[in-house]
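The two complexes that follow have chain A in common; it is paired with chain B in the first and with chain C in the second.
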Partner chain A sequence: MINLQDIRDTARDMLAKGEVRTVIGYRRGTRGMLAEPAFITDPAQADDLVWNPTCFHNLSLYLVEDRKFLAHLRQNPGAPIGIVAKGCDARSIVVLMQEHYFKREDVYIIGVSCEGTGVVDERKLAPHLNGFQASDAVFDGDDFVFTTAQGEKRLPAREVMADRCLECRIPFPKEHNLVFGEDKTGRQLAEPFAALKRFEAQEGGDRWNFWSHHFDRCIRCFACRSVCPMCYCDECVVDSITFPVTSETSAEEKANRIRWIERSATRSENITYLMTRAMHLAGRCTDCGECERACPVNVPIRLLNNKMEREAREKFGFEPGASIGGPSLVASFLDNDPGDFIR
Partner chain B sequence: MEKILEKKRIDDWIKALSDWEVHAPALQDGIWTYQPVSGAIRLDHPNTNQSPKGFAFPQREIFFSFEQIKGEPPKLKQVLPKTPQHAVFGVRPCDGRGVPRMDKVFNDHVEDPYYNARRKNVAYVGLACNKPPSPNCFCLSVGGSPVSTDGLDVQLTDMGDRYFVKAITEAGKALMKAADGMFSDPSAAEQKQLKQVHAEAVAHPQRKVNDPDGAPAKLKANFNSPLWEEMARACIGCGICTFLCPTCHCFDINDEVQNKAPLKGQRVRTWDNCQFPDFTMHSSGHNPRENTGARLRQRVNHKFQYFHENFGMHQCTGCGRCITGCPVGIDIVTVVNKVTEHAG
Partner chain C sequence: MSEQQDYEPRIVAFLCKWCSSAGSDLAGVSRIQYPANATPITVPCTGAISPMYILSAFNKGADGVLVSGCHIGDCHYIEGNFLARRKMQLIMELIEFIGVEPNRFRMSWVSAAEGAKFATVITDFVNDLKPLGPQDKLKRAEQA
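After this line comes the complex of A and B, so read on.
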C-alpha cells in the first residue's frame, strides 16, 4: 500500500530545500472524483497532491512542454523538475531520455508502483454506478472503493480497471530516484496484448471494415496526439504549417508547403493521420493508453500501438523504455536480425 | 399546439414522417450519437457525445469546385448543399439554445448561404431534462433551463408512459400534423402533471457559475491576469472542448487539390479550433496567442464576454461537454468562477 502522506512529505521537503523547482503530480480536480495534473512549486501546496485510481495522466508529457518552454526562453533548467510517475510513465521518461530530449539529471522521478492495480476506466465504471457519479475513489488492496450519493461502492479492481493496466507487464517504475510501493512485476491480471488478441479473434477477416468504421468516426481533434508524450515534434504532418516559419521564410515556401494531410476529417485523411502516428510510435510507445482514454469518440487507437509493440517484441525482443542506454527500435540493428535484407 | 402521445407510439409517429429524414440519439461504440433512425428509437440518452450543430454546420462543407486547363481561365462551380428535410429527435434544451446562437453567428452582417441552406431544412424535436443528464450540467447558470424551448421546433416532456408534445414553431406543427391521429388533447390533469414535472426538473441541483451576469465585465478586467496561464497549465491543446461544443463555430478554409494538371479540386470549409496552437499563427511565424493561457482565455472570454458584448447573451449554453471531455480536467465552470471571484 502506498501512503499518500509520504508522497506529499517528499514533495514538500524537496521543494523547501530547492532540490526540485516544481513537482508535477496529481491533485483532485473540480469534476467529481477525477484527479488532474498538478504543478506544485510552493511547498505549502504539497498537501494538494493525491494518489488514487483516477491518476490516469502520463505526466511525462509536461516534461516535454517544460523543455520546449525553457528552450523558448533560452534558459537553463537549474534545479531538476520532480515528477510523479507510474511504471508506464517512467518508461516514457526513459524513451524521452534515449532520444536525448532531456538529461537524466534534469528530472527527479518520484516513482509510484501500481502494485496489484492500476487506473480505472471510466467507461467500464459507468454501468456499475447506475447513473450516479462517484465523488471519491481510493485504492484498497485489490479493490477500488468509490463514494457515491448512494453510498460506498466496492468493486474488484480488475472489473473496472483500464485494459492497459490489466495487461501491464511491468507496473513498476524501474527508473526512479525514489519509489513508493512494492515491485509487483509479474503480477498477471490479464495476459499481455489481451485486447489485441480479442480483436484479432473477432475480426473474422473483416479488418478493413472494422477500421474503416472507426477511421470514419475520428473527428480529428488530435487529442491522441496532444496527450502523447512521444508526439513532441515541432512539425507534425497534420498541421497546416508543417515546418517552422521564421521571418526568413519566403512567401513562396509558405504557399508551396507540402500538405501531407488535408484538414477534412474524411476516411483517407484520418487513416493517413492515425497510421502515421502509429508508425511513428513503434518502439517508443510504452502503452500508457492515454490516447485511447482521451479519445472523445472511442476510437480503439490502443490496438494500433499494441500491434506495433507486439511486432517489435516478437521479432526483436524489444521492450520500449527498458533502459536509458539501451538501443532504440528503429535506430539499431541486430547481427542476428531475422530479415536478411538488413545484414 | 399541445398534445399527448403515448410513448409506445413514438415509433409510429416517426414512421409517419416520410417527408423527413429522421435522426435520433443511438448508443454506438460506447457513445451516444445522432444516427439516422431505422427501427425503434429510445429517448433515454444522457446527452449525445457531440452536439447536433453538425446538421447545419457540418465538420466539412464544400463551397465550390474548381478546374483549370493550363492557359485557360479557371472554371468555378458553387456547390450549395441540397439536403432533405431533417427532423432531429431527442435534442436537449442546452443544444436547442445553441441553435439561435449559431443562427446569429452565420447571419449577422453576412448571411452564410451554406449554413442557411442546411438550417432551413432542420427541425429540432427537443426532450426536456427531467433530471440533469450529466453531472457537469449548468444550463440554469447561463440563462437556460432544463425545460427551455429556445431553438426547438417541438418539445417533448417525458411523463412516464406518455410524452407531452408541444409545438413551438410552424415547422414543429408540421411534424405533428403529419401524424395527426396519433395525438390526443391533454387533460387538465396532464397539464397539471406537466407543470409539476417541469418544476421538479428546474429544482434539480446543477453545477453553478456563481456570477454569470458579472462575468463579461470581470473577464474583461482580468484579461491580463496571471490566472489564465496557471489554469491552462495542464491544457494539451487538443480540440475536444470546441469540437463537442454546441456553439463553437470557428472554421478554416482550404483548397483541396485532387489533380495538379489539369488542375482540379474543391474549396472546403472545415471546423477549426482556437485551442490548436496554429489557429492564430500568422504567415510571418508570429503567433499572437502563443501559449495555452491565451488560448484558454480566448475560449472562455468568447463564451462569456465577447459574445455577450455582441449579442447580449452568453454563448455558452451549459451542456458541460467541454468539462466532461477534457482529458486533463479543465473545467469552464471553475475557470469562470475563479476569474470572476478574483476580480472580487
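After this line comes the complex of A and C, so read on.
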C-alpha cells in the first residue's frame, strides 16, 4: 500500500530544499473522481497531490513539453524536475533518455508501484455505477472503492481496470530515484497481449472489416498524437500544417513540399496515418495506453502498438524502455534476425 | 475478354542502387523476358527505405510493393540491409495485421549478377498479384 502522505512529504521537502524546480504529479480534478496533472512549484501546494485509480495520465509527456518550452526561451534547465511515474511512465522516461531527449540528472523520478492493481477504465466502470457519477476513487488492496451519490461501491480491481494494466507485466518503475509501493513485477492478472490475441482469434476477412470500420471513424483530431510522450517531433510527417513556415518560405516551396498524406479524414489517409504512427512507435511505445483512452471515437489504437511490441519481442527479443543505454529497435540489428520472408 | 484477364497489377519496386538496380539492368541487356508491371525506383540502399515509402506507394494506388536489395553481408554500406530486414519485417506484419493480403508486399535479395533471379522475382510477384485483383484498401479515393 502506498501512503499518499509520503509522496506529499517528499514533494514538499524537495521543493523546499530546491532540489527540484517542479513536481509533476496528480491532483484532484474538477470532474467527479478524476485526477488531473498537477505542476507543483510551491511547497505549500504539495498537499494537493493525490494518488488514486484515476491517475492514468502518462506525465512524461510534460517533461517533453518542458524541454520544448525551455528551448523556446533559450534557457538551461537548472534544477531537475520531479515526476510521479508509474511503471509504464518510467519506461517512457527511459525511452526518452535513450533518445537523448534529456539527461538522467534532469529528472528526479518519484516512482509509484501499481502493485496488484492499476488504473481504472471509465468505460468498464460506467455499467457498475447504475448511471451515477463517482465522486471519489481509492485503492484498497485488490479492490477499488468508489463513492457515488448512492454511497460507497467496492469493486474488484480486475473487473474495472484498464486492459493495459491487466496485461501489464512490469507494474513497477525500475528506473527511479525514489519509489513507493512494493515491486510486484511478474504478476499476471491477464495473459500478456490478451486483447491482441482475442482480436487475432477472429479470422482473415473479418480483420479488414474490423479495421475499415474503425479507420472510417477516425476524425484525425490527433488526440493520440498529442497525448503521446513519444510523439515529440515539431514537424510531424503526416500533418502538413506542422511544417515550418517562416518569412523566408516562398509560396512555391510551400506548394511543393512533400505531403506524404493528406489531412482529410478519409479512410485511406486515416489508415496511412495510424499505420505510420504505429511504425514510428515500434520499439518505443511502452504501452501506457493513453492514445486509446484519449481517442474520442474509440479506435483500438493499442492493438496496432501492441502488435508491433509483440513482433519486436518475439522476433528480435526487444523490450522497450528496458535500459537507458540500450539500443533502439530500428537502429540496431542482430545477425540472426529472422529473414525467411525474403525471397 | 473478362475484366479479370485484362487486369495488369502495378508494382512499385524499390531497388538498391548497388545490386538489384544493376540486376534489373542485367536482366534487360541479357534480353530476359519478364512482365513489364514493375515501376523501378532506385534508392541508395534498402536501409534508406522508410516504411512510409511503402505505405505511400499503396496509398497512391500500387497493387504490390517490392523491396529488393543486396544479399546479407554484401551491403555497400556494411549494415544497411540488416536494418532494412528489421523494418520491412515490421511493416509487413503491420500490413497483414490490418487485413491487407500479405502477398502484396514482397522483399527479395537480388545481386547485380542475378538478372535471371530478378526476372523470376517479378514474374512470380505478378502471378501472385493477378488473382488478388486491384488494391483498393489503402488507395486514396479519386478526387472529384
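Convention: the second predicted complex is superposed on the first by the 334 of 343 C-alpha atoms of A that agree within 3 Å, B and C clash if a C-alpha of one lies under 4 Å from a C-alpha of the other, contacts with A are read in each partner's own complex, and residues count from 1 in each chain.
One rule holds in what follows: a residue touches a chain if its C-beta (ideal position, glycine included) is under 8 Å from a C-beta of that chain, and two chains touch if they have at least 3 such contacts.
Not measured: the values here are computed from a predicted model.
Aligning the shared chain A places chain B and chain C next to each other free of steric conflict. When the shared chain is aligned, chain C comes close enough to touch A:Phe210, but chain B does not. In the superposition on chain A, no contact is made by A:Met1 with either chain B or chain C. Of the two partner chains, chain C is the only one touched by A:Ala312; chain B is not. Judged by the touch definition given at the top, the superposed model places A:Thr272 against chain C, while chain B stays out of reach.
After superposing the two complexes on chain A, the angle subtended at the C-alpha centre of chain A by the centres of chain B and chain C comes to 90 degrees, rounded to the nearest 10.
In the superposition on chain A, A:Leu329 makes contact with chain C only, not with chain B. Legend: residue contacts after superposition of the two complexes on their common chain; A:Pro296 is shown touching chain B, with no touch to chain C.
Contacts of A:Ala44 after superposition: neither chain B nor chain C is touched. Contacts of A:Glu262 after superposition: both chain B and chain C are touched.
Residue contacts after overlaying the shared chain place A:Ser247 against chain B, while chain C stays out of touching range. In the composite built from the two structures, the nearest CA pair linking chain B and chain C is 5 Å apart. Once the two complexes are overlaid on chain A, the chain A residues touched by chain B in the first and by chain C in the second are 262, 266.
For chain A in complex with chain B, the residues that touch the partner chain are 29-32, 34-37, 39, 57, 61-62, 123, 133, 214, 217, 219-223, 225-227, 239-241, 244-247, 249, 251, 254, 259, 262-266, 290, 293-294, 296-298. Interface residues of chain B, counted against chain A in their complex, comprise 29-31, 49-50, 59-60, 135-136, 233-234, 236-240, 243-244, 252, 254, 256, 268, 270-273, 276, 278, 281, 283-285, 323-325, 327-329, 331, 333-334. Taken in their complex, chain C has these residues touching chain A: 51-52, 55-56, 59, 72, 79, 82-83, 85-95, 97-100, 106-109, 121, 124, 137-141.
Contact residues of chain A toward chain C in the complex are 204-212, 237, 260-262, 266-269, 271-272, 275-276, 278-279, 282, 304, 307-308, 311-312, 315-316, 329-331, 333, 335, 337-339, 341-343.
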